[in-house]
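Lettered A, B, C and D in written order, each chain numbered from 1.
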Amino acid sequence: MLFIEIISWLFIVAGALLGIAGGIGIHRFPDFYSRLHAVGITDTLCAAMFLVGLCMQTGVSIASLKLMLIFIFLFFSSPTATHALANAALLGGLKPELDEEYHGHCFDRHPD
Amino acid sequence: MKYPVKHIISLGVLLFTLWLCLSGQLNALMISLGLASTIAIVAITHRMDCIDHETYPAHMNLLLLRFWLFLAREIVVANIDVIKRIFKPGKNISPQLFELPLTLKSDVSRVIYANAITLTPGTVSANLDRKTVTVHTLSIEAAQDLSSGRMASAVPEDYGVVKR
Amino acid sequence: MIFTAAAFAILVTIALALARALMGPTLYDRILAVNMVGTKTVLLIAVFAVLSGRTDMIDIALMYALINFIGVVAVLKLVEQGNFHTSGDDDRGQP
Amino acid sequence: MKHNLILRVIAKYLFPVIALFAFYVQFHGDYGPGGGFQAGVILSVAFILYTLVFGLDTAEQVLSPGVLRILACTGVLLYAGTGVVTMLFGGNFLDYDLLALNPIEGQHIGIMLIELGVGVTVSAIMLVIFFAFAGRERS
């Protein structure tokens, strides 16, 4: 039992550190579009770590099933919300700060 | 009957399973209330024209499971990359915005592909239409990785295409 | 103990996101930060439910996740179109 | 939300799940947090998501305002009717003990009917208000 406790603590601590890293990320990155990626960390791996750690704490029960349900729901809804936000910003005319050196690099590389 | 009966039945079975997971009460009253709720929701969903091939949940097959395992690995790798970039001093990112041509046929495959792009940190899909998906990436490496089509080929292709 | 530390870390993240929501140069930055606060709140409620042993409260976390998603969609629709009644969806029903 | 394919597909997936969660909250008020008011709000939120993605006209085809008004009245009638029935049985207003032979059973049935009435009314009224606000600028 102690083994499972320690593993779940490791998961929760990792989730907490990832959350703070994402929080620092939205202050480090220069423009809106790159901040989306920092929020992506907290939406994906941080939430996953927390919920898996909590699942280990509750054991096999209705509570852990509900935690899995939150996990599944977040993995459907958070990319949708992020995409809708990026789409609204792009259609709203917000220009991203692109890297000058490589700009346009990828347009003509597709093996279409 | 507008839609195949098996779509309706599979939606009902999925919802009732969800009810049992949520409720955990196994007495006769709760199970009958769950059945009544399931039937009511399936009726409303049918009235809304929402039960088509896009809502057919029986597609949760082995192909999709393999894709999810692939995606989980991609998410972990991409997270580590973005965290390194956050804590690297000086100029740490080289953002790109470009259009990626799509070869996927059905709507659901394209939605799964775009959501997978958004779920991996470092790449965000900003616009999706029938031929292309506009992607914003944090680094030139992530852009090259997407252009190589590694993730697109992992998406289940025939997912949800109606046999006509 | 470990739960208290985890809850504190989530609160720090929420504070950082709120700072971005207050500073955020564009409107989209603010919506992004508020969305992040919502996701963190879901995790905070879940941690608190397991911490206090009242696992009924996980229902509240699930409900918060639903409302947060729909709230963000509604705000984006208002920002993008300026109203709620247009569908913005011309090709419905076509293959 | 013009041509937003992702939002449309995800909303189709999420609507049944949110509605089922609303029914779960409705009927489990005596086992966990929940009850009629919360369930009504969650159910109306599911319809609001549908309205946001597919437009007000489509939503009004599915649930016309007339039906909503009837539903709102039905909920209040269910609430008041339960009270009146207990009065007809010789008790006070909302005296649940008289609804069945066993007082515990009677209280269970009474609470469930009351909560159902509250849930129906709240969700209908929320949708009426939302439709009224959303359709305000529609000439």
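Going forward, a contact is a pair of C-beta atoms (placed from the backbone, for glycine too) under 8 Å apart; a residue touches a chain by one contact, two chains touch by 3 or more.
Everything numeric in this text was worked out from a predicted model, so none of it was measured.
**Student:** If you take the mean of the Cα atoms for each chain, which one ends up farthest from chain A?
**Tutor:** Of all chains, D has its centre farthest from that of chain A.
**Student:** Would you mind telling me which chain pair, A-B or C-D, is linked by more contacting C-beta pairs?
**Tutor:** The greater number of contacts lies at A-B.
**Student:** Using the average of all C-alpha atoms in each chain as its centre, how far is it in Å between chain A and chain B?
**Tutor:** 15
**Student:** Approximately how many whole Å separate the CA-defined centres of chain C and chain D?
**Tutor:** 24
**Student:** In whole angstrom, what separates the CA-based centres of chain B and chain D?
**Tutor:** Roughly 30 Å, centre to centre.
**Student:** Could you state the distance in Å from the CA-based centre of chain A to that of chain D?
**Tutor:** Going by mean C-alpha positions, chain A sits 34 Å from chain D.
**Student:** Multi-chain contacts in chain C: which residues touch at least two other chains?
**Tutor:** 59, 62, 66, 69, 73, 76, 80
**Student:** Which residues does chain A have that touch at least 2 chains other than itself?
**Tutor:** Residues 24, 36, 62, 66, 69, 73, 76-78, 80, 82-84, 87, 89, 91 of chain A touch two or more partner chains.
**Student:** Quick check: what residues of chain D touch more than one other chain, meaning two or more?
**Tutor:** Only 1-4, 6-7, 10, 13-14, 17, 21, 31 qualify.
**Student:** Considering only the defined contacts, which chain D positions touch chain B in the complex?
**Tutor:** Interface residues on the chain D side: 3-6, 9-10, 12-13, 15-17, 19-21, 23-24, 27-28, 31, 50, 62.
**Student:** Considering only the defined contacts, which chain A positions touch chain B in the complex?
**Tutor:** Interface residues on chain A, with respect to chain B: 18, 21, 24-25, 28-31, 33-34, 36-38, 40-41, 44-45, 48, 62, 65-66, 69, 75-76, 78-80, 82-83, 86-87, 89-91, 96-99, 101-107, 109-112.
**Student:** Using the touch definition up top, name the residues of chain B that touch chain D in the complex.
**Tutor:** 11, 15, 18-19, 22-23, 25, 30, 33, 37-38, 40-42, 44-45, 47-48, 50, 54-55, 107-108, 110-111, 114-115, 128-129
**Student:** Given the complex with chain A, which residues does chain C contribute to the contact?
**Tutor:** Per the touch definition, chain C meets chain A at residues 2-3, 5-6, 9-10, 12-13, 15-17, 19-20, 26, 28-29, 31-33, 35-36, 39-40, 42-43, 46-47, 49-50, 55, 58-59, 61-62, 65-66, 69, 72-73, 76, 79-80.
**Student:** Within their complex, state which residues of chain A touch chain D.
**Tutor:** Interface residues on the chain A side: 73, 76-77, 80, 83-84, 87, 91.
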